[in-house]
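Two complexes are shown next, each including subunit A; its partner changes from subunit B in the first to subunit C in the second.
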Partner chain A sequence: MTGHNHFRLGLVLLMAPLLIWLLSLIFIPHIDMLFLSLSEKVAPRVYETGLSNYAAFFNEPLYWNTFARTAVMSILATFLTLLIGFPVSYYIAKMVRGRVRAFLFIMCMIPFWVSELVRTFGWMILLRETGVISSFLVFTGLSEGPVELLYNDVTIMVGLVYTSMLFMVVPLVTTLDSLDDSLVEAGYDLGGNGLRVLRKVIIPHAMPGIVSGCIVVFMLSLGNYLTPVLLGGKDSMWFTEQIYTQFITRFNWEQGAAFGFLLLILSSLIVWGGLKITRQTLSNTMG
Partner chain B sequence: MSDTTRDPAIDLECRELTKYFGNFCAVDNISFSIPAGSFFSILGPSGCGKTTLLRMLAGFQEPTSGELSIKGRSMLGVPPNKRPVNMVFQHLALFPMMTVGENIAYGLECQGVDKALILQKVQSVLERVGLPDAINKKPDQLSGGQKQRIAIARCLVLEPDVLLLDEPLGALDLKLREHMKVELKQLQNQFNTTFIYITHDQSEALVMSDQVAVMNNGKFEQVGTPQELYYSPQTDFVAAFVGENNRWRASVRGAEGAVLELELPNGMTFKGTAARKEAFGAGDLVDVFVRPEAIMLSKTQVDTATFDNVLEGQVDCLLFDGANSRVLVKESNGNHEVNVTLPQTGEFNDLQEGQTIYLGWQQAQAKCFPARDFSVEE
Partner chain C sequence: MIPTIPQSRAFKSIYAGYITLFFIYLAAPLVVVSVFAFNDSLFPSLPWNGFTLDWFFGDTAPRKGLFHEEPILESIGVSVFVALMVTTLSVFVGTCNAFLFERENFPFKNVLYILMLLPLVIPGIILGISILVFSNTIANAVENLIGWDWEILRPGLFLVVLGQFSFITTIATLVISARLRKFDLTLEEAAMNLGASKWHAVRTITLPYLRPAMIGAGLIAFLMSFENFNTTLMLVGSDAPLTITMFDRLREGSTPVLNAVSLFLMIVSGMLALVNVMMQREKQ
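Here is the complex of A and B:
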């Protein structure tokens, strides 16, 4: 009995830093946020509990339009990342061995050795009106005047896909790596063409990796602030920008907190819907 | 196509098939043909190039040079999904996320067979392999032997010209392996499909095959029926690899046609036969192979009239293994060891270590090859 208790105590002590960290950094701020979002300002320094901050989101088309746009763009970015990341991952996991493989993997990671801010400014240097690409186009005569490549949706998309790639490639390489080569060969041997083997053998096997990669990339895109704001400029209409505005520009913390919670709830709903559509469960994705 | 006069009963033919990996020759200039409906085994130690050869037949590897044809049609450059052959992989490669039924239906769907017919074919093939209720099970719900049968059914439902099997019994335990040997042979008879079976286990090859090719270092050493390989090996490698053998290095004292007078380093002399009828002269070194079961064991003096070679020795060691029991006999003058099968007639059940015992064997059972150093590891 005492041995068992000792063990329990040790476990609690070991877990303590983690629990404190979780509690103080995640739970407490969120609970505080929740209360904040549920209080409405009726007069200066007078607050009442109510849902008006949430109602504001649904009553003001700008807010939910921004949210819808953010969600659609994020879904699109996730899809594009998957489309580009899958062949890359397949190549890394199945087609190359040894040093080439390590090299390619590191190549995917290199962008993450600099901060997101610097990375995004890198894109700006390339894409702005006086930037490298624009100058090159003018220099070669392909374009008559300087072209502004920043501040449009395509650029935001490129930026998002670029920042998310690693988070798609890592889980995909891991799952594809565990795919037995002989399954793919059996797929061909029994008469399947490349497309059928991909659909029937490779994708079903890689599904957990696809789902977890997609969830991470979707969440990262949805919650991204720097990339859409810097590459999309004033009109990027990203939902995190709205939250930022409420907190910082307008000092309306109650509204900001409500938006924060809406982002959490709506993104969870989208992920849940995604899992339902693809008939996956979270447990077999993580397991 | 280069030639038109082909025997229609030949299912698969290879001519001078060669495969290099860089400078390493994995399959070295192999030619053979396999008659329709036969069970053909390729037997060799691991690393001798069996899998490479089979993968060339399946289309996963292109030969460096040589010709390969199936039912008279050249297969060079034909991708694996267009070849009339199917393969049972070493670890079976059943699709784990599909049910047994879906696994078997996969190939039929690739051929564009319609749904109703697929179901009918799947059910009938499952019945033929004796697993009519497995259709909705997942592969991981099956036992090793059942998985084996499903993997074979998945190929046979496509009615391939040739079925390739890459050591499919390797992962099974001994009892099940013995059982599956018989079952595989029965399946082959029942479906009447040409099987090409590769293995490093000589007993699998001997039990099941119509023809066996013994492979070593990328080459075929000998192709023949199991009996031919066992009773008249044409190379020292085959003699050493197929079945058990005593292997002695001896020098030739005199030759009379194929019959050789031999002397062991310890001075013991006996008679042997040149296995390939080649000529040896006095002083030549040879390797002599005598099977343990070709040596007669006796508690009393052996009559020299009935045996060309007789020997007196002491029991050095008894290796009891049921029907495969052996006695190691140490020759009385000189310390030469002879491995002899223990007859299971009851007469030798009381054999003691150190007991004097008499051996006798015919000179035709002592097969001589020019001396060569090689090792046989399975």
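Here is the complex of A and C:
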């Protein structure tokens, strides 16, 4: 009997940190934020429950335009990251062996050990009007005068793809690695050409990696703040910027909380949908 | 499209060219940041005015170098302090979680496991604002009930630590669990047969076995905390960690002292990465 009690006490002690962490830092704060987003100010220091913060989102074109724009740009960034990263991952997983392979893989990882801030700073130095690329264009005569390459959507895209690349390459290399070479050979032996083998053998096999890479990249792009603000400038119109503005600049926490929730819903839907499509669970994608 | 299948030479060279371009794309921003740390000019841009070490060692404005720039040095100190707190907390909780999920059985284990993973799929900014909102609720309640102004619950380092801890713990848990899963339980049983108590066996056998994973998790936690921006941005008070200070400077435009800071960061995180890789090797 004492042994049994002892065991339960041990379990409770072991579980306490987990429960305190999840309840006080994740669960209750999100509930509290939900309540805050549902409260509206009717007079100074007087609040009522209502949906007016969500109504404001749908009635103000600037807000939902920013929201839709953020979503579309994030989808595009995800797609581009996949398109650029796939051949590289394939090269690392299948075309090279041994030391070269390990070296290339580590080279892919290195930029991501460095702060996102530093990477973005690098792009600013490259792309601004007095920057490296602009000077190079003038020097070679390709351009008459300095060109401002910062502060437009293409720049945001370059930055987003750069920042997300690792999270695409790692799962892709892992799944492509598990593809048996003989399957690819069989595809050729059966008369398929390169494109057909790619479509019928390689891509289906890599699907789990493609999906988990895409989910993470989409989520990171959606929640990104640094890249759009620094590379996109004043007109970057990213939804996280709206959240920041409502919270810090305007001190309208109720509105900001509603925006936060909308972003959370969109991001969760995508994660959930992606997992459903590929019949995977959060546990085996993350673990 | 594998080496055993013959491909035309044109295809091979195009493919190799593409891979080269890709790695140039990866390296370019880091290379320019490092190179311009040594440019003898007031702005981190061309033209190249010659080599200087002023942006590290210069001591008079406007050519103040990294090692004489008080605000930056202070914010590095703040970042280190925050990162150490986050590392300690998250490795401790991560280790408890690993034992809980790998060793114990209890109702709703799977649900709790999924809840434990959730912080990884919540955007950092939202983790930040939800903690900001909740701590503000508590602070206001305390003030209304007993009239205390609980300064610690207002934006500041305490909240920054909690915010970063809230998702870094998940990563620490995953890293430590992965190693605990491979542990041979009979070793612990042997120790207990030899008369050790359960706790004694865990402390002398299992924890030393877990040490590489705990150090690895600690390094990752330290680095993620040091480099965190999104969550920190929403919770920061008057003491700014390095990323926040750098962000403000970047927006205003700054001298190449920022490049010097960046290069310094790259070297530090490169060394941490190296230590981590070597630890992984040792484990195998």
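Everything below uses one rule, namely that the second predicted complex is superposed on the first by the 249 of 287 C-alpha atoms of A that agree within 3 Å, B and C clash if a C-alpha of one lies under 4 Å from a C-alpha of the other, contacts with A are read in each partner's own complex, and residues count from 1 in each chain.
Just so we're on the same page, a contact is a pair of C-beta atoms (placed from the backbone, for glycine too) under 8 Å apart; a residue touches a chain by one contact, two chains touch by 3 or more.
Model, not experiment: these values are computed from the prediction.
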*Fit or clash between subunit C and subunit B when superposed on subunit A*: fit
_Is A:Ile243 touching anything from subunit B or subunit C once the two structures are fitted on A? First, second, both or neither._
second
_With both complexes overlaid on chain A, does A:Gly50 touch subunit B (first), subunit C (second), both or neither?_
neither
*asked:* Contacts for A:Ser268 in the overlay, against subunit B (first) and subunit C (second): which applies, first, second, both or neither?
replied: second
*Return first, second, both or neither, reflecting whether A:Leu190 touches subunit B, subunit C, both chains, or no partner chain.*
first
*Mind working out whether A:Glu116 is in touch with subunit B, subunit C, both or neither, as first, second, both or neither?*
second
_Greater subunit A contact set [subunit C / subunit B]_ = C
*How wide is the angle at the Cα centre of subunit A, looking out to the Cα centres of subunit B and subunit C, in steps of 10 degrees?*
90
*Where does A:His30 make contact in the superposed view: on subunit B (first), on subunit C (second), on both, or on neither?*
second
*Taking the superposition as given, does A:Met219 touch the first partner, subunit B, the second, subunit C, both, or neither?*
second
*For the superposed model, what is the least distance in angstrom between any CA atom of subunit B and any CA atom of subunit C?*
5
_On subunit A, which stretch or stretches are contacted by subunit B in one complex as well as by subunit C in the other?_
185, 188
_Residues of subunit A defined as touching subunit B within the complex_ = 180, 182-183, 185-193, 196, 200-201, 204-205
_Residues of subunit B that touch subunit A when the two form their complex_ = 58-60, 79-81, 86-87, 89-91, 93, 95-98, 106-107, 109-111, 154-155, 158
_Could you list, by residue number, the parts of subunit C that touch subunit A in their complex?_
1-5, 7, 15, 18-19, 22-23, 25-33, 36, 43-47, 92-93, 96-97, 99-100, 104, 106, 110, 112-127, 129-134, 136-137, 162-163, 165-166, 169, 174, 177-178, 223, 226-227, 229-230, 233-234, 243, 246-247, 250-251, 258-259, 262, 265-266, 269-270, 272-273, 277
*Contacting residues of subunit A [partner subunit C, same complex]*: 11, 14-15, 17-18, 21-22, 24-30, 32-33, 36, 84, 87-88, 90-91, 94-95, 104, 106-111, 113-126, 128, 130-132, 135, 162, 165, 181, 184-185, 188, 194, 197-198, 202, 219, 222-226, 229-230, 240, 243-244, 247-248, 253, 256-257, 260, 263-264, 267-268, 271, 282-283, 286-287
